[in-house]
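Both of the next two complexes hold chain A, though its partner changes from chain B to chain C.
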Partner chain A sequence: MNQNVKRMMVVLVFLLLGFFLTGCGFKDIDKRLFVVSVAIDPVKENPKRVLVSLKFAVPIVEKISNESFIISQEGDTIAEAVRLMKSRVDKEIDFSHAKLIVYHEDVLKDEIEPNLYYWFIRRRDFQEMSWVAIGRPTALEVLKAKPKSERLPSNSLFLALGRDGTETAYIIPEYLFDFKKRFGEKGLDPLLPIIETKKDLFDINKVALLDKKKLKLELTPKETMLLNLFLTESPKTALKIADGENSFIIDTRAVKTKYKLITENQKDPHIKVDIHVNGRVEEAQFNVRNKDLKQYEKTANKDLEKKVHAVLKKIQEANVDPIGFGLRYRGRHMEKDDWKTWQRLYPELKFIINVNTNISDTGLVE
Partner chain B sequence: MNIHPIKESIKANIQQSEDLVIKELKAEEKYLEVIYINTICDETQLQDFLIKPFFEIGENSHFLSYLLSHPKVKLFDSKKTVQEELISGKSVVFFENHIFLLDSKLDKNNTVTETSVEVTILGPQSGFSESLPTNVGLIRQRYPEKTLVIESTNIGSISKTSVNIVYDSKKVDQDVLNKVKEFLSSIEIEMFQSGEQLLDFTKKSKRTLFPTIMVTERPDRTAVNIAAGKVILLIAGSPFAMLMPTVLKDQMSAMADIYQTYWIGKFLLIVRYIGLITTITLPALYVALTSYNPEVFRAQLALSVAGSRHAVPYPSFVEVIIMLLMMELLMEASIRLPKAIGSTATTVGGLILGQAATEAGLVSNIMIIIVSLGAISNFVIPISTFSFAVRVSKYFILLLSIFYGLVGVILGVFMLLAYMVSLDSFGKPYLTFREERV
Partner chain C sequence: MNRYFLYLVLLNMLTNVIIFVPKFLLQYRFDGMLISIIIAIGVGMALMYVDSLVFARFPGQGFPDIIQDQLNKPLKTIILVTFALFWFIAGLLTLLGYIDILHRFINPELSKAWLIAIFLLILCFVIQIPTKKVMYLLEIILFINVPFIVFIFFKAVTSEYLSWDSIFEAGTHFYSMPNISAVAVASYVFSGYTNIIIFNRLFKVKLKGVNFLIIFGLSILTLFTSVMVPIGMHGVDKVSEYIYPWILMVDSLRLPYSPIERALFIFLMLYINITVISVAVHWHVAFELMKGTFSRGKGKKKNRIVLALFFTIPILLVIRIDYMQPELLSVYWLIARMFFEILAVLGFFFFLKRRKV
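Let's look at the complex of A and B:
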């Protein structure tokens, strides 16, 4: 019995000692200010400094939601700006729900300072499944926008980028962890969706392609959609097929893209791309007949081949690699200087596109 | 045999009390003396089996042979037993040179009651009574096997409560049976009133949290468990049977599982386990998530939790403790209160207090949901002794979560699991999920 009491006492003492180890982790949820999105803008006068803006969500009280406020602060680094901001708010700034980081274009135009994205990865409370994007006209403007359908601050952007809400092939979302990976990985280059704001509306249908240092190329909405065929598993979209003067539109239900690097033959290195499109006719400028479906498929194949080829060529000419051809090459080759070989190969590679469209029906009963 | 000294010594040894009756019967040449305690003795039996025949049967020798052949009458054993039997309700009869014991025990509370603790929708609705012979009878009815063994023993140095050990000799695990008998003989207790008292004796330290003996009021559950090879204790004066060994999965099973179809039964079982996990972890998770790791919530939820906590002056754990305490008081109060106003207490406590507490800004709306969900989940557990244990153990995890956040919850659950793993019920590991043949 005495032995037991002794042991209990020891346990109790350790438990009590343990209570001192908890530090200052305890902070009630109502004593925190939740950041929902972060904007990084350049400072015109001093290119070394950055303007950091944080959008804070105001807690929902009695049916009043979508209340938020933005605080901007200049600083030499993000960390410094955030520390300065802490003295301007009444509660602890909590980044755990910050799911969007928006950069101004100009930050990326010349060389991007790695700290501008590494800071977010280093922070414990920053989730690496946050999205990264470019904001237009400025990053701050994107934070300020407040669409009518929004019920929580920045939530409409989260829904659009996260595909929880709208599902479209024109948006290529980019996660922070993936963004970081693409900066470090040879043969896979970073890309960022561009969010344009006009009044309280968003437009996310372009993508900016970067090499390891700076912004290189911006794709048009249509090109973005075609690039997305390579990046997303069976995206839902509508493909416009030009047929001479006329055109028709295929509503895709499944798109499968495969590619193969054929580089063993040094004379004629090429990338063979196979695209399977499954869909039905959604709109047409002429009378569509069921018996002509085979012919429409042929037209679609040709047209798509041409368009995809153009996009890939454009990307190749900018010497960026968002799809990761280089990574695939490195993965399949074991030579010492495989990366150098690839760098030499890539600019002059040919693309052989093979599209196989399958139109199931015209969407109408004849 | 000279019965006089014995008679006198019995009279001398029994404390004089109001209910002790010493009666002399005389008829012609017959003379009989009877001693009994009228409060625990069934006087109609006395009348039927002793007094009537005494006056109806003429001759002395005839009456003697009547007594000798009557199944309820036993010849004298020894002085000590006579006294004990007298106290337990038998009548001592002195006739000629013989001493007889007439079994005229008053069998009170032998009405079969409806189940009130383990209620099922389907299946038998009656529970045990408070009378031991009636309860044995109920089991015999449900388990008509000739291998059914009923052994008798006494527990309690003062109460001398008679206890029956019931099992199927063909199906019982001999190791378990030996352990149960060893366990029963090791119990040192003065007043033994109900089987629940045994729970604390299952551990050497006599401090138990999780019950390793099941307490049930259902004869059907008892019969099924005999068939599964378990040992049953029936205690005189208690409408509950004790089933041994009992592990976690037994505590979580309800009789309705058998009476439902397979998938419904399985579904209900899963719901019950979800309830178990919820009730143990929910308050702790609330503290951990609101005060340490709000990133686990979705943004919407985090904002509405933050909003609902806006007016609350105390940190989350004070809020939780206030509410849990209120809930415990409510539950205790509703047991104590008479049935007629029991529902008033729940209404006043649950609805009005809860509503007022949120409006006064003492606790948040979300907190009310958490506490009531935790309480409801607790009631899902079918065996009440286990449900009490669960009710207590959630405080342990709550305490850890207050100081260590989410890590504390994980640590607490882990420690609770480790504790359960260390338990065994008469040699059977507590967390086993192996099905027995039924």
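Let's look at the complex of A and C:
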């Protein structure tokens, strides 16, 4: 009997514990507004102030799932603007689903105010793996765009940046934590993809390179793709190879990029880059033959070497380091002042690029 | 039983990431963190080996049982209460650390006092069940949770955003003077073995050497992942800005094909179990030590008083803890703990070894 009572008590305690399992804290899901993306624009009249816009998903509409609205608010800081915004909506603003932060270029053109990214890191509800990007013409315009294929608010951008949907080497996604890391890490500089909007369509094929303070360089789509060979493991892409007047295109299946810093002999410090490309011919302006593959490979090697070299030179001339050569140097040298040596070394370094292309066939036709 | 010893040590290795061990070690990443870790591995292994040797002479007996008839009562009480206090604080700091994380990431609206009260309800129930059952519970919880935790570790190590060059950069600062407090903090991952003072009641056979080999391997893995993975993820230069380097590291993992995309919440759920059982093990030891001070037959009432203390002290503390710098307190305790451990193990070695069983 006594035993039974004890058991009942235990069961009762566990049942009572069930009351704590209400899920959403003290505000239920119908009393929350979910932010999906954030835009930060400058204010023209006062460069110190920012215009913060939040895009809210509206979940309850039945037939149109892609329903959303945007609220913009000026403020001295993001935190202030968001607090002011709270008085303009009826529900609790919830940032836990905010996965995209878009900056206007002008915010980054002069020195970027660190709080513009620290605020997101400091808040517990922002995901570390939100994406950051530059929006064009303005950050707000990116939030406003609604592609036809989009089923949930901002979801098309999430799919594109997260490589869950489209997979392309022209997009270099950047996560918030990585963005912040690159600001702090000596020898690894931040970069941001640029999202351009035109009439409900997106174009994410450029990348902006920053040094520790501001925007330095913008790469063209082709350069972006070549830079991505260094940043992503085996990106899927198509490489256009110029062969005199003609050209052909290689559909890559695997690209492996390795680099080595050879700086010890002071005469000729250089970075040795090895790129292995595996692929097949996808398109050509002339008749391609399977027996001539060796020759096409040679042409491809030469052409790619030239193009990659040009991109690396351009990046070097802007004195930015998105690939992390400097960090590699620091990680391989024991001296305390290795960073200073590197800063002296980097602008004069040469690049020796070695491309090794393997073309398996010419596709289904010769 | 051999594997039970392994579980006890493994438990502390798992909890180290929530009681500020990585945070503290990362402050020394340029000034002898690695060398301190290596020294800590040596110290920890040595202490563990000596301690297990001493207790192997008393198979099936806990510390209170051993000194039951050896010492006079006041001395015995003082020793046991001091030990109990240390174990109580060990559990308390883990609990407070985790409550803080839960409060920040899962339920910021609920007050900490309520949050801890829920934990305490379960804990007070668990710590008074027999030692053997606590061990079974530990085994079950480890079996359920460790595979998932290993999965998250694996995802972190294979992440594309883990920059190995940052890790190597930390490695190039290997040759620096070791730091005594870093050694003390790093040796925490071994201190699971100290629970043997009560759990020795379950150990009837001698420990095999292979256990120490496994622990040695695991400790290297644990210590290096708990500092190196945050360095790789957040960069070597600014990683110490974060208060919870590990939690934020896990938040930086994206699991696109799992039911929850944000790995953080899976990790926090797993660590609820690990924390509860870790605190339960520590407090069970503390509770049993307190029990050892009571004379036979009069225990029941006193047990309840002890349980009431276990319930109220954390609640009173949690209300004030935010203003007492919990990180600093944990670190002081972690350092004090190592010296206490050395004293205790040496004490066991010289006083218990001589006595015939």
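Throughout what follows, the second predicted complex is superposed on the first by the 336 of 366 C-alpha atoms of A that agree within 3 Å, B and C clash if a C-alpha of one lies under 4 Å from a C-alpha of the other, contacts with A are read in each partner's own complex, and residues count from 1 in each chain.
FYI, a contact is a pair of C-beta atoms (placed from the backbone, for glycine too) under 8 Å apart; a residue touches a chain by one contact, two chains touch by 3 or more.
From a predicted model like this one, the values you see are computed outputs, not experimental measurements.
Within the superposed three-chain model, A:N4 lies in touch with chain B and out of touch with chain C [touch as defined at top]. Legend: residue contacts after superposition of the two complexes on their common chain; A:S65 is shown touching chain B, with no touch to chain C. Of the two partner chains placed around the shared chain by superposition, chain B and chain C are both touched by A:Q127. Of the two partner chains, chain B and chain C are each touched by A:K27.
Of the two partner chains placed around the shared chain by superposition, chain B is the only one that A:D94 touches, whereas chain C remains out of contact. In the overlay built on the shared chain, the residue A:L188 is in contact with chain C alone; chain B does not reach it. By the touch criterion defined above, A:M334 lies against chain C but remains apart from chain B after alignment on the C-alpha atoms of chain A. Residue contacts after overlaying the shared chain place A:V36 against chain B, while chain C stays out of touching range.
Residues 25-27, 127 of chain A lie in contact with chain B in one complex and with chain C in the other. Residues 10, 13, 17, 20, 25-27, 124, 127-129, 162, 164, 175, 177-178, 180-188, 232-233, 324, 327-328, 330-334, 338 of chain A are the ones that touch chain C when the two sit in their complex. Considering their complex, residues 104-105, 107-110, 118, 121, 125, 160-161, 163-169, 171-172, 175, 233-238, 241, 248, 251-254, 256, 262 of chain C touch chain A.
If you check the complex, the residues on chain A that touch chain B are 4, 18-19, 22, 25-30, 32, 34, 36, 57-62, 65, 94, 96-97, 99, 125, 127, 152, 155, 158. Remark: chain B residues 205, 289-295, 299-300, 302-310, 312, 315-316, 402-405 touch chain A in the complex.
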